[in-house]
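The same chain A turns up in both complexes below, where it pairs with chain B and then with chain C.
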Partner chain A sequence: MEEAVRYRRERIDRGIKARSDTIYTLASSRDMLYLLFPRVLPIVALFCLPLLMGGSYWGKVIFYSCIFALLALSWDFMASVGLVSLGQALFFGAGSYVAGGFNHYLKWPMLLTIPAATLGGALICTILLVPVVRLRGVYFSMVTLILPLLFAHLIETLEILGGTHGLLSLTPFPNHWLAVYIAVIAVVIVLFGFRRLINEDFGLVLRGIKDDDRVVMAGGINIYWYKAQAIFISAAVGSFAGALMTHYYQFVGRSAFALDYTILPLAGAVVGGPGSFAGATLGSFILVPLSEALRALGGLRMALYGIILIAALAVLPEGIFHYIERKYHQFERVVKI
Partner chain B sequence: MEILIYGITNSVTLALMAIGFSLTFGISGLANFAHGAFYLLGGILTWIFLNQLGVPYLFSALISILLVGLLGFLLYWGLMLRLRGLAINEVIATLAAAIVIIEVLRWLGFSGFTYVLPEFIKGSVKIGNVWLDYQRIFLVGIGVALIIFFYLFTHRTKVGLSFRAIAQNERTAISLGIDSDWTAALSLAFGSALAVVAGLAILPLGSIDTEVGYDILIYALAVGIVGGLESIPGIVLASFILGFCQIAVATFFRAQWQTVVTLGAIVIILAVKPSGIFGKYKELEERV
Partner chain C sequence: MSDEIILKIENLTKRFGGVTAVDQISFDLRQGEFLGLIGPNGSGKTTLINLITGFVKPTAGKITYRDQEITGKAPYTIACLGISRSFQMVRTFHKLPAFKNLIVPLYSPRVKKFGGGKYGERDDIAIDLLDDLGFERDSFVPYKVAGSLPHGYLKRLDLARCIALRPDLLILDELFSGMAMSEVAATLPMIEKFNREGLTIIMAEHRLKELFRVASRVIVLNFGQKIADGPPKEAMGKEEVQKAYLGTEVEG
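Coming up: the complex of A and B.
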């Protein structure tokens, strides 16, 4: 029998001078550029894009992308503790309603409502989710899936907080630029903050809980306290996004708890590549403009969106970011077996 | 009396909606969030065969059941096979498939009063002081028959036992000669077909509306979670608890409270006993 010559692909790390995560010994400006480029590029892009687009329709799309990127980041942070949420709409809705409520009933200015909504929304969500932090895996996901639906129905049924009509005529942003740049700066801070935090000691414990919660417990660490903290941080980011959106729309209604605010960020994180934060941001900045571009198709928009999502999952299950990262840090060659 | 009769029919309706979902999700451990979409698709396919192509009712129903079952099978081989084990990706993929099916149907305009499936036998009968149409009696009959069939199927037949095996421990199942991919695909096909059977029994009571595609999923999830996803007595008990609660709330308060009760029940059960009233073998995984 003739033996066929077979080949396999070999992957080799590029020789960079970064010896570990924290100690850098950089020899040349080329190496420095190699490390800086992927970090500076998104910041420059984020700050330039609104300028290029101006106040047009696509300028608004950038604002929406930032909002969904914040939600995707907050999803990714919870997921890196092993808490897979199917209800980012809960965070978003809590933030929206706290900001909207303070602004509508107490006439607080925006400078107060947004911080109040960030902290208040996060506190409400944490109190709601703390009783179920013991749950693992899919059971926790189910609770988060149901809670926003429950709130939307409660608001409708009890006719509180504006009921089906929502709270109208809230304070708007003085101009479009302020809103967009607040959102952009928030995305940059949260993105790099989370990437830093997850590599600190605190983040190490969180990742440990994801990998094996019982081992972390055996190490004498109170995992419920850590999970509650992670939920608070994540909910604060989600609520902040909700508060921004509320003032941008000048309206808050039951739609704040809609499935859209769960599915789009989740899809963004999964398509972009979960676990890296950068992937979640990248995914949101691809999917949100895409879904706006598909708006021209009318009724078929959601269907096409679903097809794109399925295709992305089937072709690149690891996520776009992990793929790009691999191509950037490694080169491949074909070797004979 | 009114509450009793409407409670029973409502409970059986809920059980019918949940049974296919529970077969795939609870028993084979495959999330099929396209369950509601298949339910809807089955109803619309039957309508097309019946009214556009003139196929007799019974045959159009059978063809739709087979077609949707096949679609479920293809969904597994085409998509789920690549994502096996990534639970969240499975959920997203099937939910995306559901969105595609429902939104295409909505775009094609299959919604509204024109799209009504005929009742099996017209007319109604008076029980006590309540008028009950024959369709609801059929529905209860079909529901009871399906639950018994379902129980025997998963406990007595080889295929049914292998469905339960791959959920309990896939590796052990493989070592005992069960082809886990084939079994999972079959389970998805069966679950989808059962969704259509449920649709054919329930849809004649009203007109077809594409929104139900999403609602069915919530109800199926509710029944499955409250009862325990893998337990058949659990499904029956949960449907009766939820069914009677909904009717009682609608009678004594207002109809809008129905959904709140359903959703509230899910949250409470998940917080107190996540694997449901009758859930057993997942107790070690559910919490720390």
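Coming up: the complex of A and C.
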């Protein structure tokens, strides 16, 4: 009987690849380029994009993408400690209102409000979330989902911090370029900073808490203290994004606590590929412009947006970044069995 | 072995609903002692370990460690006082290289207090520790992702994680379960060496032959109660213990 010839795909790691996490073999300039290319490319792209788009409408979209990328990075950082947040809007809103409040009531300049909002917002969020840091999984997520809604309602009903009107005529950025480049530089710093931090000893402890918090506790480490630190770092990034946006809009209102600032970063991180930070950034830079491009469709916009999201998750459940990473480090060939 | 009492347990009880997992257990443990903790499945060994290490809060009773009451304290506080435990089920960070698994205990306040494990030194300390426990440093084994290592290595990695904390009291929960005979034979002398160097050890184990080679004293549990306490031979000779183990209720 004649047997059918069968084929199978074989995946082979490219010649140069880290043998382990600590041993690298760098043989030639070609190998160096191989490793440098994926790191330099996003930096170059991030710095060139605003120049290409100029001060146009799409230039603004780049700014928004950076803001959402920062929120997505902040989500991804918390997720890598096992804290699944549904409340990036809390971080964003806290930063927005701290910056807006200092600028509106105390007339602080932008040079002070943004750092104050970054630290102050992070502190407020950490204090709010520390009591529930013992909750696990979905219970923690629920609390983070409720808190921004609570703030939006408090501001509305108590008429504090401008109430429903919000705080108007805040100090604007001197020009569009300053705003967009501050955002771009922040994204680059946070992206590479987080990627570095998570592989440091401190980051290993955080990842350990996600994998198995009992082992980390048996190792003599107060996991609640480390979770609080992770929340603070994550909230600082989210609050910074909020402060930038406040001064860019010259306005802060209840909408800073809107669900958009939770859902879009989350979608960006999941579509891009969670756990790598690069995925969260990439996802935001795909989803935000996409959502703007669909604006022309009017009412169908959200429906089509939803379909694209579902399709992306169905086709590439691991995330776009992980797919690209795999393709870059391995090549496939078809072999006869 | 000195006369100093390192761990004192008084009338320790834990009820889960209607089940009394640990029932009025009391014993003293002296510095440098090697205590075997045995009993049939479900007799309360792991619950007792969880109670001592703070993972489970007792219903009643008192645990004193070096004249300090630790009843109901958080697991990480107890670990930092010097009580280190292994887990019955293999619990490692399987995505990390084996030696990176030790970073967590090396990062703890306890190890920092000893002055070891500064920034950049922890990797070397981890490799040294693993080398002592049979992960040859010149091979790829310590650098491999933990998830790709065989079960025996993972068990020893768990042991290394306990030792990395520089404990005064080491509690091993069925370290040998699932290990091959050769692996047990290789690991046993290491544990004996730790004990000789002054480490107090409690070892819950089902592999009695190996346990009795190292343990000077055993406590036998059955249905949460202590049914025997003494040198291995004496304890195993008790009729009650034989009944619990073999179920020798021969009728007719």
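The rule we apply is simple: the second predicted complex is superposed on the first by the 317 of 337 C-alpha atoms of A that agree within 3 Å, B and C clash if a C-alpha of one lies under 4 Å from a C-alpha of the other, contacts with A are read in each partner's own complex, and residues count from 1 in each chain.
We adopt the following convention: contacts are C-beta pairs under 8 Å (C-beta built on N, C-alpha and C of every residue); 3 or more make two chains touch, one makes a residue touch a chain.
None of the values given here were measured: they were computed from a predicted structure.
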Which superposed partner A:G120 touches (first chain B, second chain C, both, neither): neither
Which of chain B and chain C A:V215 touches, first, second, both or neither: second
Contacts of A:I223 with chain B and chain C, given as first, second, both or neither: both
First (chain B), second (chain C), both or neither touched by A:G272: neither
Contacts of A:R207 with chain B and chain C, given as first, second, both or neither: second
First, second, both or neither for A:G253, with chain B first and chain C second: neither
Per-residue touch tally on chain A - higher for chain B or for chain C: B
Partner chain(s) touched by A:I263 [first = chain B, second = chain C, both, neither]: first
First, second, both or neither for A:G238, with chain B first and chain C second: neither
Chain A positions touched by chain B in one structure and by chain C in the second: 214, 217, 223
Chain A to chain C touching residues, read off their complex: 19-23, 201-202, 204-205, 207-208, 211-212, 214-223
Chain A-facing residues of chain C, complex: 53, 55, 74-77, 79-80, 84-85, 87, 91-97, 100, 103-111, 119, 122-123, 140, 143-144, 161-162, 164-165
Residues of chain A that touch chain B when the two form their complex: 84, 86, 131-132, 134-139, 141-143, 145-147, 149-150, 153-154, 156-157, 213-214, 217, 223, 263, 266-267, 270, 298-303, 305-307, 309-310, 313-314, 317
Residue ranges of chain B touching chain A (in the complex, touch as defined): 79, 82-83, 86-89, 91-93, 95-100, 103-104, 106-107, 218, 221, 225, 254, 256-257, 259-260, 263-264, 266-267, 270-271, 274-275, 285-288
